[in-house]
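So that you can tell them apart, the chains are marked A, B, C, D, E, F, G and H in the order they are listed, and the count of residues begins at 1 in each.
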Amino acid sequence: MELVVYLAGQIHDNDWRDEIRNRSRDLNLPITFVGPMENHDRSDQIGEEIYGEQLNKILVDDAASDFNNLRTEVLLEKSDIVIACFGEKYKQWNTAMDASTAISKNKPLIVIRPESLVHPLKEIDNKANVVCETPEQAVKALSYIFETE
Amino acid sequence: MELVVYLAGQIHDNDWRDEIRNRSRDLNLPITFVGPMENHDRSDQIGEEIYGEQLNKILVDDAASDFNNLRTEVLLEKSDIVIACFGEKYKQWNTAMDASTAISKNKPLIVIRPESLVHPLKEIDNKANVVCETPEQAVKALSYIFETE
Amino acid sequence: MELVVYLAGQIHDNDWRDEIRNRSRDLNLPITFVGPMENHDRSDQIGEEIYGEQLNKILVDDAASDFNNLRTEVLLEKSDIVIACFGEKYKQWNTAMDASTAISKNKPLIVIRPESLVHPLKEIDNKANVVCETPEQAVKALSYIFETE
Amino acid sequence: MELVVYLAGQIHDNDWRDEIRNRSRDLNLPITFVGPMENHDRSDQIGEEIYGEQLNKILVDDAASDFNNLRTEVLLEKSDIVIACFGEKYKQWNTAMDASTAISKNKPLIVIRPESLVHPLKEIDNKANVVCETPEQAVKALSYIFETE
Amino acid sequence: MELVVYLAGQIHDNDWRDEIRNRSRDLNLPITFVGPMENHDRSDQIGEEIYGEQLNKILVDDAASDFNNLRTEVLLEKSDIVIACFGEKYKQWNTAMDASTAISKNKPLIVIRPESLVHPLKEIDNKANVVCETPEQAVKALSYIFETE
Amino acid sequence: MELVVYLAGQIHDNDWRDEIRNRSRDLNLPITFVGPMENHDRSDQIGEEIYGEQLNKILVDDAASDFNNLRTEVLLEKSDIVIACFGEKYKQWNTAMDASTAISKNKPLIVIRPESLVHPLKEIDNKANVVCETPEQAVKALSYIFETE
Amino acid sequence: MELVVYLAGQIHDNDWRDEIRNRSRDLNLPITFVGPMENHDRSDQIGEEIYGEQLNKILVDDAASDFNNLRTEVLLEKSDIVIACFGEKYKQWNTAMDASTAISKNKPLIVIRPESLVHPLKEIDNKANVVCETPEQAVKALSYIFETE
Amino acid sequence: MELVVYLAGQIHDNDWRDEIRNRSRDLNLPITFVGPMENHDRSDQIGEEIYGEQLNKILVDDAASDFNNLRTEVLLEKSDIVIACFGEKYKQWNTAMDASTAISKNKPLIVIRPESLVHPLKEIDNKANVVCETPEQAVKALSYIFETE
């Protein structure tokens, strides 16, 4: 049995994604990881890249969101589990949106966040299946699904 | 035909909620407004108020989120439309969660946000039915549903 | 038992809507009729009316569709039956969209169309519950739901 | 991860379909394309071909729609994404129906249409994930889902 | 709390429906009963009554089924419970269809049938909530839902 | 806005139900409470009461469960919230079934249980919105949904 | 792309099933056919075969239906299309149940029936995608889904 | 065609699971079996194993349930059939929860239980597809799904 896991979260740095992928590979977990475009600049510019030049910055953002939402919807629908990683920087409303979409679609949700974010994340945490502080803990949770003893 | 509208957003101040309610009442719109507990302190303390004293601050937050999520789930399920208001202060991940829940449940979504938040909100905005900058615009959108000419 | 019926179709003229409403009232059918904004100019300008002036005609149209889709989604969700009326003029892709939404949501669909449109409408007709040529026939279909002998 | 994409649109000419398939193959995208019968005459005659001769032209059309709808329902249900292409000729209500079915089933939708159709398509465009003007743009959107940087 | 109950079954005679309605009224049960057109001739002729004369008997039947299915879909969707009554005469495939629709939509199902039909109905009976032999038993089942001691 | 609350739990004694109903009435909460037959003997005998004498005790139980499940399905479907009360006596698998049905249908769940049952109930508790120890706490949770400050 | 097709219908003789399977194999259609147990005696006796001897014939039937319904539910859920074949003998309420389940689950339905059954099947036929008179026609309908010109 | 079967039930001993797996392997059934962690101590301690030391026993249990529920949700969602085994020891509310989840998600349910538990399990049994007393019977039920004569 193979699982697909969507890695939701900001894309300014992707170390946490690499750690999850590497640890899972080291454990030979039968998991395919998917997620958003991890090149932040390209994610912001994809609207103009495909549609062509836009009239102003609002339209540049709106155009980019067309393609980012298309990608997220397709890949999240294919996923069995969503991991949403929150950090101390950035607004990360996309991450909250993806986490909530997972909950609404009854796809199990693992949240990773530092203890400093307990208060503002308390309602999302409350709905998640697992709330941990490190990618290592998230991978242990994934591994536990496959373990037999 | 009567509609129920959920007013999602931060509860540090509730002026925007009052404005929506007042403007709708002035227009005699047949709408019942629901939403989260608007007393911020009570919202934070409701866990200990009902469950009793908790061992640490994390558990205080977790306890409070039980009751806030219960309330939101019940009232959002009863709603025909969700209005989600984002401002420049606070994390507002709850607001993003409620907006995303509305989208996932195919409940129409109206977002209110200042232009300064276009970039971080672009994917949520892209999924909303209507994205405006003032409560007045949101009420006009509600009113348009009932108008006949 | 009261029913809500959504009257989907072009809004350049609304005689067919008036005929359905009048005939239903004459029969005392316990039906509330809803539908799109019937003032065509206002429907096209509602985007700028609420959002303010737009940069070009494409954005004017995009803005208007925000409010028209909001209205349609809310009212169609409340409906028990959808009547979709096609005529020989105009593109009427909105009408096809609403008819198809009704089918996908398992809401019974009544199509009204002239015989001249049999060929291009054949796949939509094939999915409708009832396909008739006049508003009078559509009202008879509604009335039959309530009749006891 | 492989995706299935349904190519909705008129079948009088299929150049746009060929272009999408060819460009995707050139990019080695792991996509299976499905869609309606592309032989227009056969699509119109399939009812009599299988059921036998019909009494009049209306019944010929009704018979054909049985098989075309069967095919569309089966293949669209298997699809992860729907591309709906509108052109300046023909009624294309089938295309609007398929596009709307995609939206209602929460399957991401890419619309291709010339700028001349902005006004009559504005409500469908508004609900689509991506609205572009050429098959090339649509393929870039598909490709973006698989790209990693 | 009021309930709506759909009375599915043949319409050649309606004594069983009258008995259910009368017994429920005698018990003051807060139930609205709905169901198919109970005038058998009209049910068979409703297609030509509304659409006009048809070319042959197959088309007469097909036309009638448009309106009968419209009625059933609307009223069954409004129902909280379906009672399906099978007797020893007639094909009664409509009754089986309505019973199965109830099961598929998770609407509780009460079957009434004589013991002589146990064998051919065994799979439908097996899925029903309650299987009884008389209308009186069915009404007792309805009454039990409201009783408090 | 009125809510319907289903009171799931054993029916050997119903003091906890009375306490919830009384406290809610004292607070004037706009809630209709529903639940299983509270007369335990009648609940066990309802099968023979309606169907007549059964061949053995297994069939007596099977017959009774027909009517108890019918009642529960109808009333739980009408409910906005489920309260499931577990005590130290009895198997209470019905209560677990109703609690789980609530979760699966995305109906908010309030569990009442003594601290002594934390271990065996830990997975159900983990999925509930609110887990408390007294009926008084459950009523406070209900009341909080309606409070405005 | 492979499809799974459920062959619903009576099992007293299975010639029609063999014909569909043989014709499909001859056309190399990528289809897996599933359906009920085709050994009629075994289907009737499977309850006692697994549960052991039953007290009376009603319980024998009820026991058998447990296993037949289990099988049907599992295999029909796996299916992309349902073919329901009605003949002039037998009650065939199971066939009507399976056909209706297919409709309710939005799985395309092909009905095979002789012209003599038009009248009693008119409402089921009206909901089917395709209604034909021979297995050969049904296979042509399946084949059309895969054909490209 | 391959099936996935979830083996719900207590994990203090797993002989019944071994018997089902062994008998199915002996029959070459194309079935993948999944289920909870079968090492009871590890299941109870998994919360502290991943999250680290907890403040008290309630929190230890709550932490463990995070991971056990994550595992169950993922694997049960992948399953085509659920087998729920009840015995005379332990509370087994998890088993009732999993059985009820299967019912609510329309996944066929096989219950295994000794005759001594008929009374307290009567409502769950009543909703199951198959209720048997031994693992051998459950495997026969699985095998019957694949048999052709």
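Here is the rule we go by: contacts are C-beta pairs under 8 Å (C-beta built on N, C-alpha and C of every residue); 3 or more make two chains touch, one makes a residue touch a chain.
This is a predicted model, so every value here is computed, not measured.
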item	value
Contact-graph distance - origin chain A, target chain F	2
Turning angle required so that chain B lies on chain H, C-alpha fit (0 to 180°, nearest 5)	180
Repeat of the C-E interface, chosen from E-G, D-G or A-B (over half of contact pairs identical by residue number)	D-G
Rounded Å distance between chain F and chain H, as computed from the means of their C-alpha atoms	24
Distance between chain centroids, defined by C-alpha means - chain B, chain D (Å)	38
Inter-centroid spacing, chain E versus chain A (mean Cα positions, whole Å)	49
Multi-partner residues of chain D (at least 2 other chains)	66, 69
Chain A-facing residues of chain H, complex	4, 32, 34, 37-39, 42, 46, 49-51, 66-67, 69-71, 73-75, 77-78
Touch list for chain D against partner chain A, complex	1, 3, 80-81, 106, 108, 110, 129-132, 137, 140-141, 144-145, 147-149
Touch list for chain D against partner chain C, complex	57-58, 61-62, 64-66, 68-69, 72, 86, 90-94, 96-101, 103-105, 115, 117-127
